[in-house]
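Note that chain A is present in both complexes that follow, paired respectively with chain B and with chain C.
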Partner chain A sequence: MSNFMRTQFPIAIFIICQFYIFFEFFIPIPGGPALTALLGKWVVGVSNFALLLGALNLIRFHGKNIVQQTKNEWYHGAIILASMAAMFLSGWFFKPVYTWLYANIYTGLNTALMCYVGFYFYSAMYKTFKVRNFESFITLFACITMLIANAPISGTVWGLADIGVWIANVPGSGAWRGFLMSAALGMFAVAIRAAMGLERAYTGGSD
Partner chain B sequence: MSLIYAGKIVGFIMSIGFFASLIYGIKYLTNRKIRTIPGLDAIDESIGRAVEMGRPVHFCPGGGTLTDYTAPQTIAAIALIGYVAGQCAQRGAKYIVTINVAHTLPAIEEIIRTNYVKHGKVEEYSSDIVRFLPDQVSLFAYDMDLFEREQIASNILIGAYFWEAIVLAEYGGSVGALQIAGTARQSQLPAFVASCDYLIIGDEMYASAAKVSDNKGQIGSIAGQDVCRAIVVAIMVIGFIAALLGSGAIANILKI
Partner chain C sequence: MSLLEKLDQLDRRIIFLILLLLCFFPVLMPLGLPVPVSPATTSAYNAMVTLKPNDIICMTFDYAGGSAAELYPQNLVILKHALKLNLRAVAVSFTVGGLELADQCLAEAGWGSKTYGVDYVNLGFVAGTETGMAAFVKDIQATISADARGTPLSQIPIMNDAKNINSFKYLAFTTSTSQDMYVRQFSGKGVPIIGCIQSLYFSVLQVYMGSGQIVGFLNGLRGSAEYEVMIKELGIGAISMDQASLTHWFAVLLLIMGNITSYFVRKNPRAKGGK
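Let's look at the complex of A and B:
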């Protein structure tokens, strides 16, 4: 593929779309919202097409592990490829089987794995809630106050709910808004760098 | 019909002003020095540690895409994936990238290959470096197995993260990896603060991407961004004083 098609052409498309959507947000353009909606649909279409690349990556990587009998990996690959084939074929030819597999195996496994999130939050909290210095004491105090403020007991203990709400609304909101403004400016800068062709990571970064 | 939608006039003027400031920075403030970002410096340290231990470096850009509000974070993450690829190629560390957003795959594969070629290590580049998993649950399930099996030395979690952040960070810590995390998603920052050794917070992530590029224009844009920040802070201070004096003038002007 030529350098033009790999880098300059995607950057040109990016710049045209970026400036069009930016101005369409502020300036009334006849038919503008409809065109923006159409561009959104194209994005969804292209993104879905990219799923094929993902599937090819999975087949290539795990297929290679199976063929080479890679230690501790080949049987994972076999399970993944067999599951992919089962879901694909059942979805295509036997819809009730697909629905059963989805509801009774995929959803169950998914939910079981999601439980890790709760478990790891507790282990992270345990590590964080150790008072090593003044800052960690403030963190601990804010966290415990927020925990109690959100617990049913907060209504019966005078002042606790108010302290929690104040921490969330005043110092908490202030800090988050400052963070958000700073991050938004950073996002704006990335967009401008990309529009000027300085930031090329999204094209693979090749010159 | 008005030229600009009502309620967006000041927003439009400010956007144009920010645009001009950034262009000015990119053109004229290119010799500025970006302050040290500890998380970024720790990336080099963690790669050195991985080389000494003979264990891999793992990078995950999270669940951000190139098609929504997480795109700038994903672009910054891809730039850092390229930087880490270059460092790993140069120093001989094994590199593994796990992703769960299919349309980022071509860009990530390309930037890694480019960096291996740039450092003259094209023979060490393998298509197995990037591993695609179809969703967040399969991503962290695979990564937990990977961390345990490969005993990764470095776990770099930079990008737009969702609820998978806490699992990846906590499990990475449990295998003894040096962990560097970065995101501009405020809901996941506490998880990273609790579990990781170094944190690249919000805007620092975009600045890190510019810093590793070694491109003077990109570095100038950070200086231009500081001009925008100064304007925003000035408006906030004036608005705060006006509100204290009982005037809602600044708030009303911003609504025009």
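Let's look at the complex of A and C:
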């Protein structure tokens, strides 16, 4: 594939679409919203292809491990591919089996993993969350008040949950809004970089 | 070794065991601890009760099994309430895992007694995350051509009345990840927006509620318990509230105890390895 098709052409498409959607938002163009909606629909379609690409990549990666009998890895790959095939085939041909697998195996395993992490949270609270300076004291204080505010029974004791709610509503809200504003400005800066062709990671470039 | 040193070096398995007991004990012997209803849940409830029969609500299912313990009961209780009020429902997911959960939740909430396609529909998965949402908001039928069962949307009666976000009188997004994109895409369109979230994101949703971008939200399992109390139909949320109260306070106790023991052990030269 030529360099033009690999890097410059995708950047050109990106810049045209970006400018069009950006200006269409501010300047009324006849038929503009319809074209924007169509572009949005294309993104949905492309995203579906991205899922397919992910599945193919998984098969390629683990298939290679299985074929090459990579030590300590090939059987993990075999389990993943077998699970994938089971879900795919059952979803396609035997819907009740798929529903059963989803509800009783996938959901159960996923929940178990989250619970496992939960136990380590508790252990970490005792073992590692230590006050060593003023900043960590503030964090600990906010953490305790939020835990109290979130415990249902705390609401029955007047004022007990209010400190946590106040922290969430006042300093928490302020900090979060500041964070959102800075993130939005950051996104805007990235958009400008992309419009100038400086963001090239999606074409396989280094930045 | 002093008691403080022993506590400082407490075996984590003891913490795990106590946590297990605090989780199981209230299920076997419910304590019936009170569940006061928060303003966020009251607002979510009020937004629902003002609807008229046959109004259409939309609910997103954007989570998978790992977060289902907290989020599924919220969907369940809202759908049960909507069914009681004779509303119509549209379910949709912007993440892959939500499709099955939507089917399961609609069935468990009792929507099987209604007619699929007329009173409720599961639109399935819409790819593209935020872009998918933006397209969904503008024109549903242009975004997806068929529901989760593969029936073309043009053949589904409820979809004649559900063209875009303005067709809904209530929209509840349920997500285990960032809520920002939902607020960005759904709010400000004249539709009351309700957030169904994990407790982890409580403070984030407080911000959006304070600014009026969402009407209310259900705060994790506690939110669903509060909603169950309000509609007088106790379920898994209410059952879990004794656990939630005990385990939250256990966490507070661990944080305080961990810091007290570590402070005194640091002050004690023996614990630092001195003689």
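What we mean here is this: the second predicted complex is superposed on the first by the 179 of 207 C-alpha atoms of A that agree within 3 Å, B and C clash if a C-alpha of one lies under 4 Å from a C-alpha of the other, contacts with A are read in each partner's own complex, and residues count from 1 in each chain.
Criterion: a residue touches a chain if its C-beta (ideal position, glycine included) is under 8 Å from a C-beta of that chain, and two chains touch if they have at least 3 such contacts.
In this text the structure is predicted, and so the values were computed from the model without any measurement.
K.L.:
Who does A:Leu89 touch here: chain B (first), chain C (second), both, or neither?
P.N.:
A:Leu89 sits against neither chain B nor chain C.
K.L.:
Is A:Ala168 touching the first partner chain B, the second partner chain C, both, or neither of them?
P.N.:
second
K.L.:
Go through the superposed model and pick first if A:Ala201 touches only chain B, second if only chain C, both, or neither.
P.N.:
Only chain B; A:Ala201 stays clear of chain C.
K.L.:
Should A:Gly155 be classified as contacting the first partner (chain B), the second (chain C), both, or neither?
P.N.:
second
K.L.:
Contact-wise, after the overlay, does A:His76 reach chain B, chain C, both or neither (first, second, both, neither)?
P.N.:
first
K.L.:
Answer with first, second, both or neither: which of chain B and chain C does A:Met187 touch in the superposed model?
P.N.:
first
K.L.:
Of the two partner chains, chain B (first) and chain C (second), which one does A:Ala12 touch, if any: first, second, both, or neither?
P.N.:
neither
K.L.:
Which partner does A:Ile144 reach: the first (chain B), the second (chain C), both, or neither?
P.N.:
So A:Ile144 only meets chain C here.
K.L.:
What is the contact status of A:Gly54 with respect to chain B (first) and chain C (second): first, second, both, or neither?
P.N.:
first
K.L.:
Go through chain A and flag every residue that touches chain B in one model and chain C in the other.
P.N.:
43-44, 46-47, 50-51, 109-110, 113-114, 123, 125, 127, 176, 180
K.L.:
Can you name the residues of chain C that touch chain A in the complex?
P.N.:
10, 12, 15-16, 19, 33-36, 38, 64-69, 96, 100, 103-104, 126-129, 131-132, 134-135, 138-139, 142-144, 180, 199, 202-204, 206-207, 210, 219-220, 222, 225, 241, 244-245, 248-252, 254-259, 262-263
K.L.:
Taking the touch rule as given, give the residues of chain B at its contact with chain A in the complex, in rising order.
P.N.:
Of all residues in chain B, those touching chain A are 1-5, 8, 11-12, 15, 18-19, 22-23, 26, 65-67, 71-76, 78-79, 82, 102-103, 105-107, 109-111, 113-115, 127-128, 130-134, 137, 140-141, 145, 149, 163-164, 166-167, 169-171, 184, 186, 191, 193-195, 201-203, 205-207, 209-210, 213, 215, 217-218, 221-222, 224-225, 228-229, 232.
K.L.:
Applying the document's contact rule, which stretches of chain A touch chain C when the two form their complex?
P.N.:
Residues 33, 37, 40-41, 43-48, 50-51, 98-99, 102-103, 106-111, 113-114, 119, 122-123, 125-127, 129-131, 140, 143-144, 146-156, 165, 167-169, 172-173, 176-177, 180 of chain A touch chain C in their complex.
K.L.:
Of all residues in chain A, which touch chain B in the complex?
P.N.:
Touching chain B from chain A are residues 22, 25-28, 43-44, 46-47, 50-54, 57-58, 60-61, 64, 72-73, 76, 109-110, 113-114, 116-117, 120-121, 123-125, 127-128, 176, 179-183, 185-194, 196, 198-199, 201-206.
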